[in-house]
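Okay, so subunit A shows up in both of these, paired with subunit B first and subunit C after.
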Partner chain A sequence: MKKNNIIKLILIIVVVALLVVLPLVIKNDSTINLVILVLLYILLASSWNILGGYTGQTNLGHAAFFGVGSLTTRLLWVNGVPFLLSFLAGGVVAVILALIIGAPAFKLRGVYFAIGTLALAQMLNLTVGNILPEMSYNPDLANYQLLPRYYLFLGLTLITILTAAILVKSRIGLGMMAVREGEDAAESLGISALKHKLIALSISAFFAGMAGAAFAYYHVSFYYYMPFGSEWTFDPMMMAYIGGTGTIIGPIIGAVFFVLLKQLLVWNVGEYHLIIFGTLFILIVLFLPGGLVEIWQKFRTFLTKKTKRRKKVLLKATIQNEDGIQRE
Partner chain B sequence: MLQSLGQNLVFGLLVGALYGLVALGLSLIFGVTKFLNVAHGELVMFGGYASFYAFSMLGLDPFLSIPLTIIILFVLGAILYRLVFSRTIKLPEESKIKNTLLVAFGLSVIFQNLALRFFTADERGITTSYFSQAFTLGGVRFPLPKVAILVVTVIFLIILQLILKKTYTGKAIRATTQNWEAASLMGIDIHKVYLLSFAMGAALAGVAGTLVAVNYSIQPSMGLGWTMKALIVMVLGGLGNIPGTIIGGLILGLTESTTSFFISSNYREVAGLVLFLLVLIFRPQGLFGSKEA
Partner chain C sequence: MLNLENVNIFYKELQAIWSVSLNVQKGEIVALIGPNGAGKTTLLRVISGLHRCASGKIDFLGRQIEKEAPEKIVEYGLSQVPEGGKIFTGMSVLENLELGAFVKRARKEKNQNLEWVYEIFPRLAERKSQQAGTLSGGERQMLAIGRALMSKPQLLMLDEPSFGLAPILVERMFETIEKINHEGLTIFLVEQNVQSSLELAHRAYLLENGRIVGEGKGKDLLTFESVRSSYLG
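Then we have the complex of A and B:
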């Protein structure tokens, strides 16, 4: 077990180090943009997973927080507020939105919560489109550089993953999972379901909002309502499911897989990757609720069982041999 | 002023009938099977395209193509049930709703992209010579395509009620809705009932799609908007409550038209969503639903 952890730690350090030096080695902008896209999706899928995977509340309005984050940051930044301040405001406003809608939304249980949050995101999408129909341009256009954007996304993604990893090991994280497994049972043990849901929603919203803020910093031009689009909810949700909800690595695998699939298939025809991704998502929901992570775990237990068996066979053989020797 | 308000209200009611029809299929499916098929809007889209191609390639009048649309969507619904939704029937109710919701989202992504691939992203619509005609009653205009909505909705509401109330299959469907375990003990083939209800719900979505193609326009990304409307109407009317669904549709239509009149047509859909959230929070059993639902 301990050896396993050391290997894991070394692997993580290697991957992070590779990601840090990547733009210094590969000076190709399109590759860096691609990695940024992966990081953005990891951010969204991991933040969705905190509420959707660990707390069991299917949030179909994740785009609302992403959108509010990008809108806040971009609006403040365009209007001359220092960047760092507008950047942080993106996450803060997303949390404020989460706290405002959280209490009434969590009065809705299960599927009502899902369609309620979907309605909320659609509402914001339409309203923002009505009030701010114009295109927004990056105020930093004159000296736009990709490198700081890349590191911003990388840093944010690492913080999100780290926070999620620490959170789920904590008391609150255990409470969240208890709520997922059975709200009434959790309540009967003295775990406040509402409190844990609200905490999970706020953290989830905060990182979605920060993702939006980074998006506002990164994108050259976009319509203000664009980040509110439902695809910013559904794609990350599918990534989390395909990778494996309720795990740290799941959303990361899902996001990498999604972008790879997109890249592989983009050469042939339009949006074929979404058709394949959608099919895979359905198969996983129906037959393999643990996602790709579960496949891997099953595979690993299968392997260890096999090696254990082989060891046993070897052991038996030696014992027999020893017996034989003794008999002689 | 008063006249144009009246005009708005009439339009709201006529459009509301369409919302009711769109939600009718969703509500039927949910009521019987407890599948929350959020790919319903995509079924509406397929119905619209079926009529559009029947019109542009075969020259078939959109209203005459309705039987064709029904057959296509009925078969599609049956296939979807067999292939996908039937896998969830053994789950307990809450996870069944959640899983079908997720699965249907996957389906809507697939359908949207298939439609993009095969029907292109162009907006389509159907216009024939008599569509511009209208009659006036008490100073209020009644354009024919909008009146057709009401007529078609009423016809299909009656057909559905007749099937449910007068036929053996209808009785089986109603029994299954009330208690599937008891129904299955009485020798009702639950799988068949589920399959039929799902296919019928899909066919109703197809009919609604024809009306959408006639009155609005159809495009591959239209699904979510119509699913949202159907969900709003279904929740307004009470889950699985058929007469309630039509009334819910009329309420949504009126809400939208009065919002366009007093505020701005840009906020039409937002008003519907606000109404939806309010009902969800304060009366999740629907405006006409009973407490236990």
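Then we have the complex of A and C:
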């Protein structure tokens, strides 16, 4: 157990170190942009997973929080508010929006939250598109550099993963999982379902909003409504499912797998990649409900069973031997 | 200890419980028996704060609890084992038990209570790192009761602890309930298994179509004519 943890820690340090030195070694912009895209999706999938994977509440409007984060940060920044303040405002506004939609939607059980968030994202997408139809340009265009953007995404992603990892080990995390497993049972033990759902939603929305804020810092030009698009909900959600919901590593694996496969497919088959992704998603939900992480878990139990069986066989053999000796 | 006065409960427009009054005294085992659909589970849900009553008073240890949040009621020392146990199947046995000690009052004595629960159900100690979904029916029920005990309640409400258990396990379950009662815990039991629960309980109420239609000492009710004809044949 302890040995495993040390190996895990070393692996994490190596991966993080590699990511830190990567843009210094590979000075190719398109590679750095690709890694930024992966980091952005890890951010979105991991933050979605806090509510969707660990608390069992299906959020079909994650794009609303991502969008409102990017909108807030970009608007403030374009209008001369200092960057750091605009940046943090992205996350804060996302949390406020989350509480406004979450408090009434969670009071009703069942699908209301899923429908509510789906409608919220669509409404914001249309409203923002109508009110702010013009293209937004990065105010930092004159001395735009990729490196600080890369490190911002890297730092934010690490903070999100770390927060999620600490959260799920905490008392509140345990309560969140209890709510996912059975609301009635949780309530009967004195675990407030509403409270835990709102906490999970707020944290989830905060990091989605921060992802939007980083997006606003990174992107050279985009339409304000673009980050509200439903693909910003459904792609990260699919990544979480493909990797494995309710685990820390799942959304990370899912995002890496998804982005790399998508790049590969878009080059080769163009728009048809959507069909492949849809099929893949259905297959995973049907046959591998635990996601890609499940393959590893199954493999591990298979291994331990095998070693156990071998030990048993050995034990049996020695017992028989001893018997044999006694008889002689 | 627990006192219900003229409690009426509705599901939307449908009245499920009609003016029910009952009480549970400290140290007792009280059973609420009745057929399927009589409203037994509904009544427990209202006492736990999971559902609201339309009118009436519920008093627990001198506090009015009919409008309190479920977590407050657990905090006051009233804990429920829901129907079918409703254990968290995706989590380990130990995690399930830890969740039982979620409320503030119980958190401080968590380790102590864990020892106590393991003493009552040694099987749970053996299986503590196992996933709860892999437990057998009897072990699941033990876990559900153990989890409720983790909040160190003064009154334990059990919703059909014999649900889905083999007869031999039902007997053992009732022996365990008696043992817990001897340790000073008051017990309010809802059951369809009339014979066993009436033998176990000090007092019992008979609920039919949402109304209390009989009450008395457990053993007296066993000879009660309508109980005999309806439930024991």
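Definition applied: the second predicted complex is superposed on the first by the 303 of 328 C-alpha atoms of A that agree within 3 Å, B and C clash if a C-alpha of one lies under 4 Å from a C-alpha of the other, contacts with A are read in each partner's own complex, and residues count from 1 in each chain.
Throughout what follows, contacts are C-beta pairs under 8 Å (C-beta built on N, C-alpha and C of every residue); 3 or more make two chains touch, one makes a residue touch a chain.
Everything quoted here is computed from the prediction, not taken from an experiment.
In the superposition on chain A, A:Leu264 contacts neither subunit B nor subunit C. Of the two partner chains placed by superposition, only subunit C is touched by A:Gly190; subunit B is not.
Once chain A of one complex is fitted onto chain A of the other, the partner contacts of A:Gly182 are limited to subunit C, with no touch recorded for subunit B. Here subunit B and subunit C are compared by how many residues of subunit A each touches, and B touches more.
Once the two complexes are overlaid on the shared chain, A:Ile295 sits clear of subunit B and of subunit C alike.
By the touch criterion defined above, A:Tyr241 lies against subunit B but remains apart from subunit C after alignment on the C-alpha atoms of chain A.
Touch criterion not met for A:Leu162: it reaches neither subunit B nor subunit C. Contacts of A:Ile13 after superposition: neither subunit B nor subunit C is touched.
Contact residues of subunit A toward subunit B in the complex are 58, 104, 107-108, 110-112, 114-116, 118-120, 122-123, 126-127, 130, 230, 234, 237-238, 241, 269-272, 274-275, 277-279, 281-282, 285-287.
For subunit C in complex with subunit A, the touching residues are 48-50, 69-75, 79-82, 86-91, 95, 98-100, 102-103, 147-148, 151. On subunit B, the positions that touch subunit A within their shared complex are 36, 84, 87-88, 94, 97-99, 101-103, 105-107, 109-110, 112-114, 116-117, 224, 228, 231-232, 235, 264, 266-267, 269-270, 273-274, 276-277, 280-281, 284. Interface residues of subunit A, counted against subunit C in their complex, comprise 171, 174-175, 177-178, 180-182, 184-192.
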